[in-house]
């Protein structure tokens, strides 16, 4: 992440000759200074190849503000049939954090937020338990307790959605939140809800993945950061990592080692997301690191 | 691996008080010098905990030869209800290598054999193709071509078994051998047949695992070295590892990266096996590295 | 770490025949149940080989308390010329944490302490800055501010020593504490002071290691957890790890990536230490993981 | 690496507005299809920032052959003050391999060459020993024995240079070649000679790095692939990696583990080099993976 203010164009479009030339040409024409740029052509299957790009332009190199940049870029985007977003590094992402009772991911995220390593706003933390209220509130962040009773999940789901939208969240992070997210919420905010699953997907989908890993006798365990979709643990994978274990490790040891992978993978995945480095492509992601 | 000649006891038995004392006491009584020893207690599930051990004793520290060591140890082993093997570092394991057309694992194994890093005999290499004959024979190793015609697999299976037994092989290594091993052979030589599967099991069982991985959009790919059982890719896992990939990697890139992991994981797993470091426990392994 | 109470013998002695037998025999004689045991023979250079061991015995399997265990073991230890410690898992280590202004290691340690993953007492946190007082005190841990003025370091050094000893600390952890520890304190508490250095030692000793790494153009950066001795960054290494970087990473990016390695390596090293898994041998360590 | 024939532009120039636009614009103007492109701006120190790029253009998308592409690009390159090379994927790099007696890197490279994973010509292998002649010649590659007597290194150095130039080598790979390369050869072929050093540089420069690592008690050992310059082990680093060891590993074990890292790191570094992915910048490299 650069220190100067910059605008980030993240886009994809059908592949053809001259895309970079068209986009970079437009930026150069206005004396835009490109700080960083990444491009990828995905061959696709059947439907033709698709082009992905991410370009950071120094804000004060341009002779106009973001709104005009967007306006002037629009016809080019249309011509290229782009899916695109243009964001401003000076506008912090609003990230709502969901937790249950385990604290490792929350401590990790708040340490990064505190030191501005993660340069985000956290409008609130939502939990189905009261356990972590004190810790969150000490940081000056509002804490919302939304119990999820087995006989009335719908109300809880509705309340979570209401809180997220009221907070004007643009990203929701499930930091070891042990409840299902409602299909409605997933559908309303695709590519905005990030989960950390405590296995190296697609192995060990669902509940108690460390127990499953222990039973199978694997020699590495992992964690997966992915976008949440209506299908459990099936969304586009953003980031994964693993750690070595051996026969002497019990399930509890695996849980302990796993925490270190979970928090690291979630932090990396979230960072890629808030820096607009993740573009989805069907059920896969392009991550411009 | 130590330079001096040594005997290796690899054993497991029901857990109880005094196992180490009993075994190490017996060795000490005869002035046996323990070069290396490892112990593990597995809590088990239901059936009580089980104890695993591996002890290297310097051969010339004992006042008797291996046969007498074995004889004297037998009553203790019986008393402790041990499953045990006692092996001699001076007797090289006889490893039959199975290949198809891909050479990366074979080159890797023969380089290690050539330099005596892998201190084994290779009585023969068996293949369903002629491709690698020249390379194998240049090393002075007999090459056996056993085609596996779709309409007469049984004959091929029988011939492979005959060659393995004729060669007095104690280990069979499937070094990217692209055919199924017959259930009869698996049953006749449990814990003796080692395969390298080109995925991080249990993900992507069966054919074309790199294609499966590409479809799912995982961020790491892996390989698994395991004992072969009648069930495809379900045997006890000996060793695994992974390598990072990203969106820019095609299936062919994954195949290429994967080779490096395959050969490394196979070499490590085989080494553990021939040094008697792997003890199976149901469908899992204890690996004393 | 086992859930049941246990005693841990960590010891080293000159190598000879029968050490395991002698020690395990003594334990078995009293019906001691060994939960976990590790042994290592170091060939040494010149002075003959040295034997290292770590044995966990279930407390309630023994017919006597710790004091008597210690008393009865003493003659055997003397006979074997052992350096030894015998510790009780029910007695928590008292770990004094030293910090400056960076919070990542502190957040990480307190999260692990909070969840009892690190089962220690933290009698106080000492800092040369006030920055982290609130966070520490929120956790109910006393915070001691000891400024280190350039013109009177001696007083600060004396005060730190006084606080450590008053707190009856048995371990001091420098969690990115940016001041030198006095040679007197190092000498008074050898093997008790643990530092995290932000490079892969022995590369980049001293100040600004990430700048040094950037200048040299390395492709991985690392961190090292080591015991503090009078010589800067030269003490016995307990644990190390690295992370991949590339040409696109600035020094600031390296600092950011480095934090994740620092906190993980410090946490692992500290855990090994408090579980009595680390035995020093000259300027090296044996770590029984 | 793409299957289709393509041209690769690897270039660097002083940073300014409009570089991508200028270069990509030129390519687009001629209907050039960009398969892959990477860009990096290095902030530099003192002398201003420098821009690096690597662009693959599909050969048959252009209406003219390579020579004309080069000719037409030249004025733009001059305008931008570029250091540049333009290469053709259909023209294989000529890589002269230097070895001594250890075979692991040679086996690894020849396996990759055999399978066309490394798509290079090997005009000859040069060695100061006869040991590996048979293996090399079996592959149909000429083997040149150039002894390096202590009392006449100059003649050997001259002969090596003569053979390299006679073979029209564009890259020389020191695949665990245990002799010094003459300063004259280094000076005559900067950025063309690649070495694998068996330590994680800058730690353990010079002779017997595994012994040095053993003495220091490090917990990871590594290998470094770098360009050879007149200063021993000081050239620009292309690639590095490490592997975990512990107290139980002797120097011989470290040598054994080290081989696996050496061959993997050398193969990756060489691949980056022959695909024109490595651009040097002072004593550092930009590697567009």
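Note that the chains take the letters A, B, C and D in the order they are written out, and that residue 1 is the start of every chain.
Keep this in mind: a residue touches a chain if its C-beta (ideal position, glycine included) is under 8 Å from a C-beta of that chain, and two chains touch if they have at least 3 such contacts.
The model shown is predicted, which means the values in this text are computed figures rather than measured ones.
Two chain pairs, B-C and A-C, are weighed by contacting C-beta pairs, with B-C ahead.
Relative to the C-alpha centre of subunit C, the farthest chain centre belongs to D. If you average the CA atoms of subunit A and of subunit B, the two centres end up 41 Å from each other. Look at where the CA atoms of subunit A average out and do the same for subunit C: the two points lie 36 Å apart. Among all residues of subunit C, those that touch two or more other chains are 36, 248. The part of subunit D that touches subunit B in the complex is made up of residues 36, 102-104, 107-108, 110-112, 114-115, 117, 134-135, 138, 248, 256, 259-260, 264, 267. Subunit C makes touch with subunit D in their complex at residues 40, 42-43, 52, 200-204, 216-220, 222, 236-242, 246-248, 250, 281, 283-287, 289. Contacts from subunit A toward subunit D in the complex involve residues 17-18, 20-22, 24-25, 27-29, 31-39, 41, 61.
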